[in-house]
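Both complexes below contain subunit A, partnered by subunit B and then by subunit C.
Our next item is the complex of A and B:
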């Protein structure tokens, strides 16, 4: 800490003017890498204590050695099939995991460790969640009021009305109950809660499923705008196509860890630019590409392979793959966890 | 709710009430007609030896007991429909007057118990639910489960032994002091006589509401909307007040209204133990002394009472819960 402190200070000095500039011009930021990361997750592991037989306990590891970072003005899409632990990543950053979960690893928010005390302080203020569905709204409270409770400073009613008109929600919507909202309206209300909080880090958990094309476009536009205003956005999705439309970088999630983080430009053609075999397979499985599914299933958290998590399904597998989980390494402006990747 | 819906709702409920009342009076009548208690003997009591068979037949004829049970029932039924519940054999007054007087005495007792148990039970349930898994929760759960398995009369006796006999704080029984003229009875006297029976009833009513509220609150706290509220930085009392209370109050109030039957059942026992002259004690008397008109009157009245409780519970949901109230007006 003492060693890092002076360095950090210096970094901050360098960064500050740029950040202000970003917020003013409201334009996609190109040199995001030079800014200090809003959030940095290193070697994050989440496990649950499970009772198997009688009183025998078992540690169920659902996220293992995960690394991601998001910079101001950037959208990072976390893409992976269901059950790969994406939502838990969001909950771990917010510190709202159930009490039987154990978290190890390091989460840094704006250069400082994100302790549970700090999480409690920043939740809803600097870090906001855009949840999956309308079920995350209190069924017995009018939606306008629920959005108002998310306002941290200023006049809540004014802030709520402003954000509603910005997202084309009619004034009478504020008096509706969640069950009276259509899918698209619910989505915009949920985004509104994050917008009024003025958060610097927005975690959107599956914000698009079940929406028609127009609503998807609209929802994505909301996130792009937020990022262009200088917020860091984490977009969790199982739908790679949606993610590609607005994200700056894509983190590919598999069995509780990120196997690759790649700039969005790499997802093109036959996927030659991609680093990890799973990302390539995922890309190839899309209908507009080869439409080629990969054999096998994602391993369950209770039965993870000892080596590389993708080893049982990988086409490039060698005996070395099953020895140990590959370390994350930087490769061509991205990150990969594969010993064969070039 | 639309007016047409309201009409359908009212009609359904009335139909249900009518069938309920017919079934319940028929069943009660059948049971009484098979009961081993001879009304004439119960009426005459210890003087039985001095009453000859002719006199007994006369009494029976006067009461219409010589007719077949079915005839008796039809006779009684037609009278009830025209609004006449008959005359009580033991009080020698119209049944309706007896019920009115006794019910008013019971009402004070039941209402106090109902409100106290509601508030206390809800509070305990909330504390236990918020502190789930801690020693506070376990203590409240233990207390409630113990209460739930405690017979009313036993608790009544226990309170009598401690507070009336041991400490002498409260009178041992009755609704007013013995040997005092009715006009000299003060409000204070009445309240003093009410405390122990009301306490017995409310202590027992607590368990149900508390356990139910606790369960419901735990359910609400693990819901997605509470998770999201926590993600917005809400916690502790604010979180409970905004999202917990809102979502558990309605089920608790509803439960409390639908617990009218238990309240009535408990009152019968508590009044018996404390010789409190309410409807409960009158029910026991009517049953033991074969006072058929009074017993049937009370049966009908208590059925109405419980039905009203359930109806209020239903209505509260219709009026208060927006998902039902505004269910059809969604955009």
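Our next item is the complex of A and C:
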């Protein structure tokens, strides 16, 4: 059973279907780069101190030298497999990492260092999280009330009802408790909360899995609208397709670092415009492209390779790849960490 | 061999009917997609076909007989959240070998490392755990597989990796597959036909 062998090749249905059209819902703000970045993360590393047998300390590095920035009016999608550090990046920005985490590097919000004091002040107000887990809802408060609490300007009841109707949440839903909602409904409630909060930086952690096509479109449209009103949006997703629908740029994560940042336009065709071998592989693996996997798996934080983190799975590998983690460098209007990328 | 749901009716408690007069037939070796908006009953139907839920009306028939009540379940179910499908207090090895002992070939194809077998579920990522759930479900006695959003939480590479193995094993063992997914491209890629499970109107 070889993974490299194309599966069921003789079957008609495995022939590459027509390329989907990627529909942008609204035009992004022009000249984003001229504005000051809303958020800038430089050389971020996150480690967890773990106590193993006999009280020995072990440092588990889960994010290493990660860089991203997002400007007002821009949606940056953060795409990567499960365990690549997407949620931890979000938690680092919000200042809600567990206490055994050590953070190094620089996080700047609107030009000023984002200290823990500032994080506390801005969290839930200027910086809002649409969390991955619906367990973030208060289990003891009716959901209508929860959303109203987040309303920044105007009549909270009116704002909550408007946002509910926009996300196909029936009027009676406002009186329900979180446990009475389906997963999809709970997610729409979470999105509603961020929408009414008037935040300048919105971090949405996997806001769409499990939603049907219509709800996904609606949720994405609202992020686009928030950006078009000047917010910076970080949309975290393991699913490139979701990202492509609305993002301006895509940051590809692998094993706790950014391997590439590319304008969304580069994700097309056979992925020739992409810079990193991992991004290319990710693109090629989509069911509407070649549906072609690569062997192996993302390394665990406890067993990171010494050089390039993708080296063990890379088809372009040379001896130099295992010497050191490649520096981030600018390439064709994007960023890449690969010594071979052109 | 056929897996048949005949005239299935189901509701949770005294709630509205989630499924009503629903018929579905899947043949061995066939790959059938189920689509429909959230809440329309896809998961419920999958659970009924795999025998985890008893229909209030109608019946499920496998190879001309009711689903077996004991022993290895010939209709295996893999769903979206692997962390809810494994016992947190078992080593992965025990979870893996719960129904049968997958051979090295399957483990290798699924990218399951030998070292992971000694781990606890909370020491593995969702993608890694789901590989175990898939291996566990592809036993020699499996006749049908219900894949309910099986790869929705996974990245494209892991998704392709898992599906290639599943399709390969399904072909060898003539397993019929029911694919529940919101993802049109995945359904197009995998399925021979698609059933739209849009809501039924009940008065």
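One rule holds for everything that comes next: the second predicted complex is superposed on the first by the 292 of 342 C-alpha atoms of A that agree within 3 Å, B and C clash if a C-alpha of one lies under 4 Å from a C-alpha of the other, contacts with A are read in each partner's own complex, and residues count from 1 in each chain.
One rule holds in what follows: contacts are C-beta pairs under 8 Å (C-beta built on N, C-alpha and C of every residue); 3 or more make two chains touch, one makes a residue touch a chain.
None of the values given here were measured: they were computed from a predicted structure.
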item	value
Contacts of A:129 with subunit B and subunit C, given as first, second, both or neither	first
First, second, both or neither for A:51, with subunit B first and subunit C second	neither
Subunit B versus subunit C as contact partner of A:240, first or second or both or neither	second
Touched partner set for A:197, first subunit B, second subunit C, both or neither	first
Superposed model, subunit A: greater residue contact from subunit B or subunit C	C
Contacts of A:182 with subunit B and subunit C, given as first, second, both or neither	both
Doubly contacted residues of subunit A, that is, touched by subunit B and again by subunit C	182
Complex contacts: residues of subunit B adjacent to subunit A	223-225, 227-235, 242-243, 246-247, 250, 321-323, 326-327, 329-331
Subunit A residues within the subunit C interface of the complex	1-3, 7-8, 13-14, 17, 20, 79-83, 182-184, 209-216, 238-241, 281-283, 285-288, 291-298
For the subunit A and subunit B complex, residues of the former touching the latter	91, 94, 96, 120, 123-125, 128-129, 131, 133, 135-141, 149-150, 152, 176-177, 179-182, 193, 197
Complex interface listing, subunit C residues touching subunit A	36-39, 80, 105-106, 108-109, 111, 113, 125-128, 149, 152-161, 163-165, 167-169, 171, 182-186, 188-192
